[in-house]
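Below is one structure. I have some questions about it.
Chain IDs A, B, C and D follow the sequence of writing; residue 1 opens each chain.
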Amino acid sequence: MAETVLETAGLTMRFGGVTASDNVDFKLKARELRCLIGPNGAGKSTFFKCVTGLLTPSEGHVFMRGQEVTGWMPHQVASLGVGIKTQTPNVMDALSVHENIWLAARRFFTPVEAVARTDDVIDRLALGSIARTDLGQLAHGERQRVELGLVVVTDPWLVLLDEPAAGMSAADVDRMTGIILEMTRSAAVVIVEHDMQFIRSIAETVTVFHQGAVLMEDHVDRVMTDETVRRVYLGKKA
Amino acid sequence: MERSAKRDVVVTLIVSAILIAVMPMLIGTYTLTVLVIYGMLGLSLGLIWGFGGILCFGQAAFFGLGAYVYAIAAVNIGESTLPMILAVLLPGAFAAVLGAVMFYGRLTDVYLGVITLVVTLILFKFINSTAGPQYVIGDARLGGFNGIPGFQTLNVPGDSGAYIWGDAYFYVCAVALVIVFLLVTWLLRSSFGRIAIGIRENETRMALIGYDVAARKTVLFAIGAAIAGLAGALFANWAEIVTPNLFSLGQSAEIIIWCIVGGLGTRLGPIVGAAGLAYLKFLLGQQSMIDNTLIMGLVLVIFVLFLPRGLVPAVGSLWHASVGRTARRRPANRRMRRARHG
Amino acid sequence: MSLKRREFLGAGAALTTAALLPSAAFAADTIKLGSILDTSGIFDAYGKPMDQATRLAIAEINANGGLLGREVEIIDYDTQSDMALYSQYAQKLTRQDRVDVVHGGILSASREAIRQTMRKTDTLYFYNVQYEGGVCDRNIFVTGVTPTQQVEVLVPYAMKKSGPKVYILAADYNYGQITARWIQKFVEDNGGEVVATDFFPLDVSDFGSTITKIQQVSPDLVVAPLVGGAHLSFFRQWAAAGMNTKIPLASTTMGVGNEHKVLTSAEGDGIMVAYNYSQELDTPENKAFKEKWKAAYGDTNGIHELAVSTYQGIMLWAEGVKKAGTVDRDPVIEALETGVSIVGPAGNIAIDPQTHHATLDVHIMEVEDQKMKVVETLNQVAPVDTQAVCNLQENPDDNTQYEIEI
Amino acid sequence: MDISFVILVEMLYAIASLVLISAGLAVVFGMMKVINLAHGEFMMMGGYATITAVGLGVNVFIAMLIVAPLVVGLIGLVVERLVIRHLYGRLVDTMLATWGLSLVFIGLATMIFGNTTTGISTPIPGFTVGAYQINGYNFFIIVMAVVLVIALYAVLKGTRAGLIARGTMQRSDMAAALGYSPDRIYMATFFFGSALSGLAGAILAPLVGLVPTSGGAYIAKAFITVIAGGPSLIAGLVSSATSFGLVNQIFTFAVSPVIGEVALLIAAVILLRAMPQGITSRFFKGKL
């Protein structure tokens, strides 16, 4: 049986009177790929932020590889070997692609090693032609790809991605699907996503959020055909 | 990269050697000394603001602290070596504590500005109200508004009778500035410096990569304060008196203006801005046609409006454009980001 | 208001040109007088009239044939109320311009910033400002009043008019601290009691709570050596609370920068002060001085204690030069140490050889209708505070500012 | 008994003057996210406008309440058109530019009025409470601060302009979406904010002597009060002025005015450390 790399127990987050995340129990095994879906305001992103340390949960616990990380700062969580990509592109605009990725690599490797790994990732993600360009001058899809590069270069064992496909062209999405599938060889991946097509193409197990709580958790095909899910989410969306 | 680093050092050394040799023929060394000291002070803010994104409204606090620490220690010890060291370490330590309080409290942008401003005001008000005979540290009367005059000035280490003053003192200060400049250059080329620039660009991302942003900002802040402290001690030696004005908001304002005018995000800009504007102020004192405050104000407004990146980058891009190389990247404009966490 | 200002600038400029124009009657080389004052920035209310007084004095000397047949030239720098500039310009005056004498400095901090430079470069230095006393240095002459010269006469007078319970409000820097101690001494010497002493940094401008505190203690007299624009609000708030008719006020500083002309007569009337100079002094010297000033600058509004001190300081120096027959430092010091004196707008003023301070007349005055009405005049008061600690005849190498222990 | 009344008045006065000092800055910051560091100099100019007007024979209350706000408001308008307009959205740059402007105004005022302290006397006599004399003008300041807060509330809550203003405060693109030119709104706001600064300077002028550098005494306090207040305009202003005013006066009475000032500053540090986004980010959320 594979090790559990991420677990939450009774995770709850309240903002004033609103419960954005309601008693969520969640488990993820090593090298598993999991998609979190749900309508807007279902609590996916709040859950994501509680796990990554961007928010401190009101109640409940978060464990990573068995270690309690509840209330940790984001940098502490990341230092465990967790790769995180937030919803909006979060990159260093005035620095080049190479410098961006190098900074991520440098966190875990010596400067020389970091350069080697950066070059390697730039090759793998086909960023060679723009390696010396500032992020501020790149198109949205390219920026998303670079940010994925920041995640990949550190060799994480757990990857948390918030809407990686948002605003990307079909070709970009395809390319990214490949990158993510490659990641799952060594890491467990959690993806928060809206884009059903993308989810269909990549996911196996899907967790559905609704009003802050987990509505169901099952194989993507069964989720897609489930009546309740269709009613709260797909029905409205379609 | 190694080769360009070496070239950088060589160029810096040659240019500064020429400047140190030529400038005394144009401007008196006494005035030059203070220009060099202000240059170092400008560099201290340029480092933390231009490369770390920390806008400190109270850089004068560390400058004043350095000067006072030196003066108080020099009165008590009577030899200048240890006071010089203390004048670097204590402001650094003070900034480390203050920085930790601010950065771990996730204070950013304007709120950071308020805290640094308030701390400067507190220091100023405190020092300014120490005229009474009860305010004594060892043999040193703090003296309140009148400050502390008559302390031991810089001497050859170990020989308290061998004063370094006049032209010799200018060379000491100039060499100190060159050393600090090279250290800053080295720091910015190191991983620490590059990570600091990353933090300036995007704190949240750097935290999500796994960097302890608060710790790194605290360290950078402390380094900036230590440099300001050194500048303060050198200033104390130059002026032979320290007064609470060193802590004043006006002094802090000037440091910020130097950085803006010289160019933020460059190492040279703040030094050029500081020396240039201080010299301008010196020249203005010899005329009485136009109010000097008015001119300084106009300079600042005009720079913010028309040359927001400052002199050095502007001249740099002109140079590069004419030589045909691409200009080095600078932060396009001064942003203060709201923290995206929390 | 702006019009007046322009006139006065114009007049000032004309005078400057006149003073600087080389005249055929003079020998080729000029005598250089360095002037270093804050004529802009927060202290320019003190500095500008001092600068005008300097020009007036030099113009007068040159009009009378200069000194030793040579023209006197002013080399002046505006220190912009910035202590760092004092050091810079002092260096420039002494090392580059090589002036023969320096007059200037306003705050004690500015004096201390340049005093050692003057001493090191053997440049004779005149500090023409009322200050806290105690400077003992053969290279410097001080022509302003010191605390005892005022307090010794003011305190008994004020106590006689009010009563023995005294409350002191002083500016929180060494002038205020030292003056407060002298006030305490003279209050006790005259059989009174100081019920409380409060110190205020120079930027405090809200005295509401202090006025309440004073009322709780209800003294017979308040003595207020408060300094600067912010502290002026004390007198205003004191009057606004209606206290000016209840408890009498005395001050050693109110009026030095012509503050009594800013307060309305309702606010200022009755405040007791003691100075070397008042525009209302009825002497021929003062009248002549005011006329000369008016001719040069349009009106006499700017004249204040420090301007007159400056004028008298320059005249004393000129007298010393004449007596010595040279501008060299040591002969001039020796000449001045013979007790040189002049009769200036404020009366007779003489150099005290022991301290290099001045023996001068002190006038007790009361503010009345924005003027200082002279009530009593004490002739030739010596600087006894500094005399108590400083004797340059016995220790010519002394170089300290003594803090007077009481 | 009398003394406690006197102290109460002093406390209220301290709070009221903080409200007055900060109101103009708060309006501009709340609406436009612009920190006007020339705010203190706007107050200084309000003071000079009053004194000049009184010198020309204008009734002192008209000079304070009408002439000064108008004059300073118009100066603000010019400043907005010439400088601020080009810098919207660049918080730090506006701070620096207005800092430069503050120096320019100090220089101009020095050239026009000279650096001598001037002032006018308080138009309201002192009066007696038991054994104590009280400065009658303190009451005037307290009343003016209360009127100001109520008026601000009424304008924001009850008028069409207020509605637009509130919309703009929440989302700067809102006004544009509603069909109002944000340019106009910013212009009007800056005029209004400057006028408030001028009013405050005018009202405080009779209490303190006026020099061209007087503004410096206010800006730091106003800046701290506004920032510590946080996102809500009126609630933030009142709550932080109250906290700081109380702290200041308690320590002033217990120890000395200097300690009172220092206590205020230390309170500001502690407050911002505990509530990094200001008081109203935690309390009175969503209030005006």
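Everything below uses one rule, namely that contacts are C-beta pairs under 8 Å (C-beta built on N, C-alpha and C of every residue); 3 or more make two chains touch, one makes a residue touch a chain.
Here the structure is a predicted model, which is why all the values come from computation and not from measurement.
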Fill in: Innermost chain by mean C-alpha position
B
Fill in: Intercentroid distance (Cα basis), chain D paired with chain B, Å
32
Discussion item. Quick check: how many Å separate the C-alpha centres of chain A and chain D?
Written reply: 47
Worksheet item: Using the average of all C-alpha atoms in each chain as its centre, how far is it in Å between chain A and chain C?
Response: 75
Item to complete: Go ahead and note the Å separation of the Cα centroids belonging to chain B and chain C.
Response: 37
Worksheet item: Which positions in chain B touch two or more other chains at once?
Response: 125, 129, 291-293
Worksheet item: Which chain C residues touch at least two other chains?
Response: 40-41, 172, 199, 201, 203
Worksheet, complete the sentence: Touching at least 2 other chains, the residues of chain A are none
Worksheet item: Between which chains is there touch?
Response: A-B, B-C, B-D, C-D
Fill in: Complex contact set, residues of chain A against chain B
52, 54-55, 73-76, 78-79, 84-86, 90-96, 99-100, 102-104, 106-108, 111, 134, 136, 150, 154
Worksheet item: For chain C, which residues count as touching chain D in their complex?
Response: 1-2, 5, 40-45, 48, 172, 198-201, 203-213, 215-216, 218, 229-230, 232-233, 236-237, 239-243, 246, 257-259, 262-264, 266-267
Response to the item:
In the complex, the residues of chain B that touch chain C are 28, 30-31, 34, 125, 128-129, 131-133, 143-147, 149-150, 235, 238-241, 243, 245, 281-282, 284-286, 288, 291-293
Worksheet item: Which residues, counting only chain C, touch chain B once they are in their complex?
Response: 39-41, 77-80, 82-85, 87-89, 91-92, 95-96, 107-109, 112-113, 116, 172-174, 176-177, 199, 201-203, 401, 403
Practice prompt. Name, in rising order, each residue of chain B that touches chain D in their complex.
Written response: 55, 101-102, 105-111, 113-115, 117-119, 121-122, 125-126, 129, 249-250, 253, 256-257, 260, 290-302, 304-305, 308, 333-336
